[in-house]
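See the structures that follow.
Across the two complexes that follow, chain A remains constant while its partner is chain B and subsequently chain C.
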Partner chain A sequence: MNTTWKSKLTSSLFVLPYLILFTVFLLIPIVYGAWMSLHNWDLLNPVHEFVGLKNYAKIFDPKSYVHNLFFEGLKNTLKFVVFSVPLLVVVGLGLALLINSLPGRLKGLFRTVYFIPYSVSVSVVAIIWLWLLDTNSGLINNYLTGLNLPAIPWLTDMPWAWVSIVIATLWWTIGFNMVIFINALNDVSEELYEAGSLDGANRWQRLIYITLPSIKPTMLFVLITSTIASFNIYGQPYLMTRGGPGTETKVLLMNIVDEAFKQRQLGNAAAMSLLMALLMIIISVAQLRISNRKE
Partner chain B sequence: MQSKASKTVVIIVAILIGLIFIVPIIWMLATSFKTDQEAFTAGLKWLPEVFTLENYQYALGGNADTPVLQWMGNSLFVGIVGTLIVLVVDTLAAYGLARLDVPFKKFFIAMFIGSLTIPWVITFLPLYMEFNTFGLLDTYAVLILPYSANAFGVFLLYQYFRGFPKELEEAAFLDGANKWQVFTKVVLPSARPVIWTLAIFTFMGIYNDFLWPLVTTNSPGMRTITTGIAVMQQGSFVSSPAKLMALTSIATIPAVLLFVIGQRSFIKGVTQSGIK
Partner chain C sequence: MNKKKWLGVAMTAALAIGSLAGCSSDKEATSSKGGKDKITYWAPFSGADGPRMKNIVANYNKSQDKYEVDLQIVPQTDYYKTVDLAFSGQKSAPDLMIMHTDQLTNYAEKNLLKDMTDTIEKNGVKAEDYSDTAWQAGSIGGKQYSIPLDIHPLVLYYNKDMFKAAGLDPEKAPTNREEFVAAAKKLTDESKKQYGFVVPTLWPNQFIYPTVFFQNGGELMKDGKPNYNSPEGVEALTFLSELVTKEKVSPANVQQDGEVTLFLQGKNAMQLNGPWMMEQWDKAGINYGVAPVPQLGTKQQAVYANGHNFVIPASVKDSKKLEGISDFLKYAADNTMEWAKSGQAPASKAIYEQNDEFKKMVQQPQVAKQFEYAKFAPRVANWGQLSEPLWAEVNLALLGKKDPQKALDDANKKAEQLVQK
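Let's look at the complex of A and B:
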């Protein structure tokens, strides 16, 4: 009996280090965050008054500034999700199909080239695109005016600010989705394609009836991870448009950070974070449900 | 199956798209050798009129507000240490859960895997307050420790260890090895490819993170390269595009080189991680 007790103890020691880190940096913060959201929590004031669900009530009270902060930010974040996610999935798949139809030796080369921007950080991405898209001295407007086309206010006018942010995001992250799709495409069984060819299916029909159904789990994975990543957008508008013009590209995470560190109202900000997280979970579950129902 | 003509078309399309990915980086490099004044002037000059290394001298010159080398050092340091911590605790926990007689095993597995569905934003502000309470903001601890709670690695390695043939371990146990010896001598060496995958993912995640290091550090010497550049872009370099481009070039070149060298393992890693 003594030996099993001892054995269980030594086995537990394997899990213990991670369990401690998990508890301190994940479990406790989750509870602590919920606790913060129930208080009037000023960053500089050591006294935190318990206010119950008042911070949440403020978010849903149209007269409160927190209401505007949350829903304006959410609207802008959702806009980015709607603009970016379909492109992140479709362009990612398109590039993967393109790479796969290249002759063998070129595949690796182009995969590397398309994947390179993924290695740089968001501040580098923002700065590169800021100066490519600059209205007066940017490369792109210089080409446009060279072709006698009007210069476009890429970063200072709507809808161009969103176009710019989406372009920079695609350029930066599309390589990752592409690699995942390439892996999935390579796993589609050759026999299916051969059978398709025997039945006289052309290239388009093979894509619709063989490729797409075969890689459906991957599409779902890319869809959900891209949606989550787009929900978390912060760096691109923070650095490229600073939320402008006006507050048109001021996304929810920017408003949460401002409320927490500029207004120092951590209680409000924690409530906003919790609602944002809840919404992200609901949307992910909905995406899973909808795609499973179709089967 | 494809005709020669259609093959050529595909290659041309691939090259044109490739330019979209490469040209911005080349433009960055070209601008970094121009003067600020020339960078501002409209025109399509790819090569600088006056070739200058001034921007690099300025960026690397050890100014108190732009300690670029220190930033790169910080990024590498937190990336490497953070990754090592993740590798050690994750391999141990995953092996324990996959193979050993850990009490409440099912509960732990469910809790760790379930935590993967929790959006990061939920812990953002409370984590900040936690570090604030212990006076650890603006230190290496705040830049390293939070990443260690992520269950992705435990999940990835747990899957791997469960598929690992038991016979090898049993043979070692029969030879009188204890759990720790079996783990370090038999199991870990076999898991090298998965561990490498986890290392690359973790390192890139920490190295490229933006918002967390941005809000938790404020002294110039504690910045990572990503946040340091962002602060310069919003601050003293706001109207110095050429200096900014030198800064980003310095940050980019090692990252791109490392990436091109390591991308094979990275791509293999994507496959192995079961993201299919």
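Let's look at the complex of A and C:
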């Protein structure tokens, strides 16, 4: 029919700008990356020899240096994911609840205050925290020694280096999760709370039995986006610890970037990043499945 | 659609096309301005040194009317990525570019750089006009791949006010290990959280550790193999880590740039860093002195350095362009006084040996004093990769988490694996 044909065309036209950008900046690079990963691709060598899945095989060959790069980096990235994701979700929700219980005008103020760090770049975040956490001249250790407490080697000892990176990450990105939670909380029907109060549910019970189940889809969204974001950790350790002490905080993306642009081995680097992407997809799907099963 | 709308669309389109056309005709105009030959020149000078190089190029362009040098500054962090893309043919390559000394071997071995021997001879650029150390860095396998601009070795910065307060002569910097440790001890007052020499554990150990290593008479690579755990290497690392544990002239757990922060606060009396730090000290208004790095090693005077060099991509064959390039390089050699103002010491003898204005500068002559015994990174193509485990292990040793011998053994093992890969 003429009208459906027309409306299909119009709606397609609305999608077109996004589709073009998606193709140019995401689809083509991904396919190109996959193509690279099948070659011995030295950036400075004009000949790119086709090697099939050899680059992937190398990642699983314990004798190859690529194996060490990938799995040592992955171990550190996973550590960060495990440390940061629960906090990103819980603290985000906590802040949202806190702000929601504030009177109207203050609500807007604090929402903005907590959201501001999200808008600065990672280098600014790193510099601020490098100054605050400096072992020998930082503000925080200055307070600690003032209280006759021992100074803490925030960025040069374990587990403090992870603690610092997680704190900086929380401070930087928590505003985003918080805003999403605030919106979800506003959508929870007032009647449910009223009914709950009438039945004698206290604050805690209302949170557990009304709020949490109502915002479950948002919770899942925040959980998955936080996991993906944490997997992509790069700037904070790169700028704050340089992967130290030793290589304890050298995360997978740092190793991939080194392999791509310092060693110029784009084939290896592409194989590593695709494997990393695959892992992220598996984990996200698992998260979805597990939380849906409970329902 | 009505007529008005169509008219609007047509006008917008016409305007867009018109402005595009305007752009392209502008470009053509500059490239053929007065029949000049255009030379594209890439450099990573995105800091305080950028304006200096811009001045040199602008003055050159004014001084003659045959060639037009077009300087394009690519930020340091993206520089070699951009250069690699140019060499791999995905971007049009420049005619002339700056390359760091530690990168030369890698690009020369892959035949990406032009052997400049002929160009040099034709145009009277002579080896004798440059520091021998700098010139030799560009001669690989009997061919000359580069013409040096500067050498930037490690230097010693010290806080003159702190020297005075500790009863030391602020005009006399320590020159050897004994003097250095003695001064550092005098300058340390732990009750005031003030230290003689704060030992960095990350950057710039890429300069500091090799310096002491070389001063012990050691070599980082021997017969193509990593030699990190040689006695000279272990001694150097032991010395540096004992500055923290035994001599106690440095706090423990120094983080990235921790020594710089303390130096800026007047709580770190001496520090080893590159000449590029000058601008930061000047801005902070510190009363500082500069001196050659003391001989901290046991055998000889030496210092680790890097350098800026001019190179030509192998793909540049146009003889007119090559003439223009050598003409510019000759001009640059005689007129790099401007370059010295950024804190660097040019490798051209006309400046560092003969120029009176240069000799009166504070930092630059101290840098040039070290030219004779400066040493560069080992000549292996993948030094960046081979040295990566070394910096991680040096970090662990200086943080007191590993014994120096064990750390260097581990670094060597990892690097050997990379050589065999």
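Operating definition for what follows: the second predicted complex is superposed on the first by the 270 of 295 C-alpha atoms of A that agree within 3 Å, B and C clash if a C-alpha of one lies under 4 Å from a C-alpha of the other, contacts with A are read in each partner's own complex, and residues count from 1 in each chain.
Just so we're on the same page, contacts are C-beta pairs under 8 Å (C-beta built on N, C-alpha and C of every residue); 3 or more make two chains touch, one makes a residue touch a chain.
All values reported here derive from a predicted model rather than from experimental measurement.
Peer 1: Given the alignment on chain A, is it a clash or a fit between chain B and chain C?
Peer 2: These partners clash in the superposed model.
Peer 1: Once the shared chain is lined up, is A:Asn136 touching chain B (first), chain C (second), both, or neither of them?
Peer 2: After superposition on chain A, A:Asn136 lies in contact with both partners, chain B and chain C.
Peer 1: Counting only touches as set out at the top, which of chain B and chain C does A:Lys6 meet: first, second, both, neither?
Peer 2: The answer is neither, since A:Lys6 touches no partner chain.
Peer 1: Looking at A:Leu274 after the superposition, I want to know if it touches chain B, chain C, both of them or none. Which is it: first, second, both, neither?
Peer 2: The answer is first: A:Leu274 touches chain B but not chain C.
Peer 1: After the superposition on A, what does A:Gly243 contact: first (chain B), second (chain C), both or neither?
Peer 2: After superposition on chain A, A:Gly243 lies in contact with chain C alone.
Peer 1: I'd like to know which partner A:Tyr65 touches here: chain B for first, chain C for second, both or neither.
Peer 2: A:Tyr65: touches chain C, not chain B.
Peer 1: Which partner does A:Lys216 reach: the first (chain B), the second (chain C), both, or neither?
Peer 2: In the superposed model, A:Lys216 contacts neither chain B nor chain C.
Peer 1: Going by the contact rule set out at the top, does A:Phe261 touch chain B (first), chain C (second), both, or neither?
Peer 2: Touch partners of A:Phe261: chain B and chain C.
Peer 1: Counting residues of chain A in contact, which comes out ahead: chain B or chain C?
Peer 2: Between chain B and chain C, the winner on chain A residue contacts is B.
Peer 1: Of the partners chain B and chain C, which touch A:Pro103 in the superposed model: first, second, both, neither?
Peer 2: Only chain B; A:Pro103 stays clear of chain C.
Peer 1: Among the options 75-83, 183-191 or 219-227, identify the stretch of chain C whose C-alpha atoms clash with chain B after superposing on A.
Peer 2: Once both complexes are placed on chain A, chain C clashes with chain B in 75-83.
Peer 1: Using the superposition on A, tell me which residues of chain A are in contact with chain B and, in the other complex, with chain C.
Peer 2: Overlap of chain B and chain C footprints on chain A: residues 130-131, 134, 136-137, 239, 261.
Peer 1: Mind listing the chain C positions that touch chain A in their complex?
Peer 2: 80-81, 84-85, 87-89, 106-107, 110, 112, 193, 198, 201-203, 251-258, 261-262, 265, 267, 382, 384-385, 388, 392-393, 395-396, 399, 401-402, 417-418, 421
Peer 1: Which of the residues in chain A end up touching chain B in this complex?
Peer 2: 4, 7-8, 10-12, 14-15, 17-19, 21-22, 24-26, 28-30, 32-33, 36, 95, 98-99, 101-103, 106, 110-124, 126-132, 134, 136-137, 139, 142-143, 145-146, 171, 175, 179-180, 183-184, 187, 217-218, 221, 228, 231-232, 234-235, 238-239, 253, 256-257, 260-261, 266, 269-270, 273-274, 276-277, 280-281, 284
Peer 1: Flag every residue of chain B that touches chain A in the complex, lowest number first.
Peer 2: Within the complex, chain B touches chain A at residues 2, 7, 10-11, 13-14, 17-18, 20-22, 24-25, 27-28, 31, 39-44, 85, 88-90, 92-93, 95-97, 100-103, 108, 112, 115, 117-130, 145-146, 148-149, 151, 154, 178-179, 183, 204, 207-208, 210-211, 215, 225-227, 229-230, 233-234, 241, 244-245, 248, 251-252, 255-256, 258-260, 263, 267, 270-271, 275-276.
Peer 1: Under the stated contact criterion, what part of chain A meets chain C in this complex?
Peer 2: So the residues of chain A touching chain C come out as 43-46, 64-65, 130-131, 133-137, 153-157, 239-247, 250, 258, 261-264.
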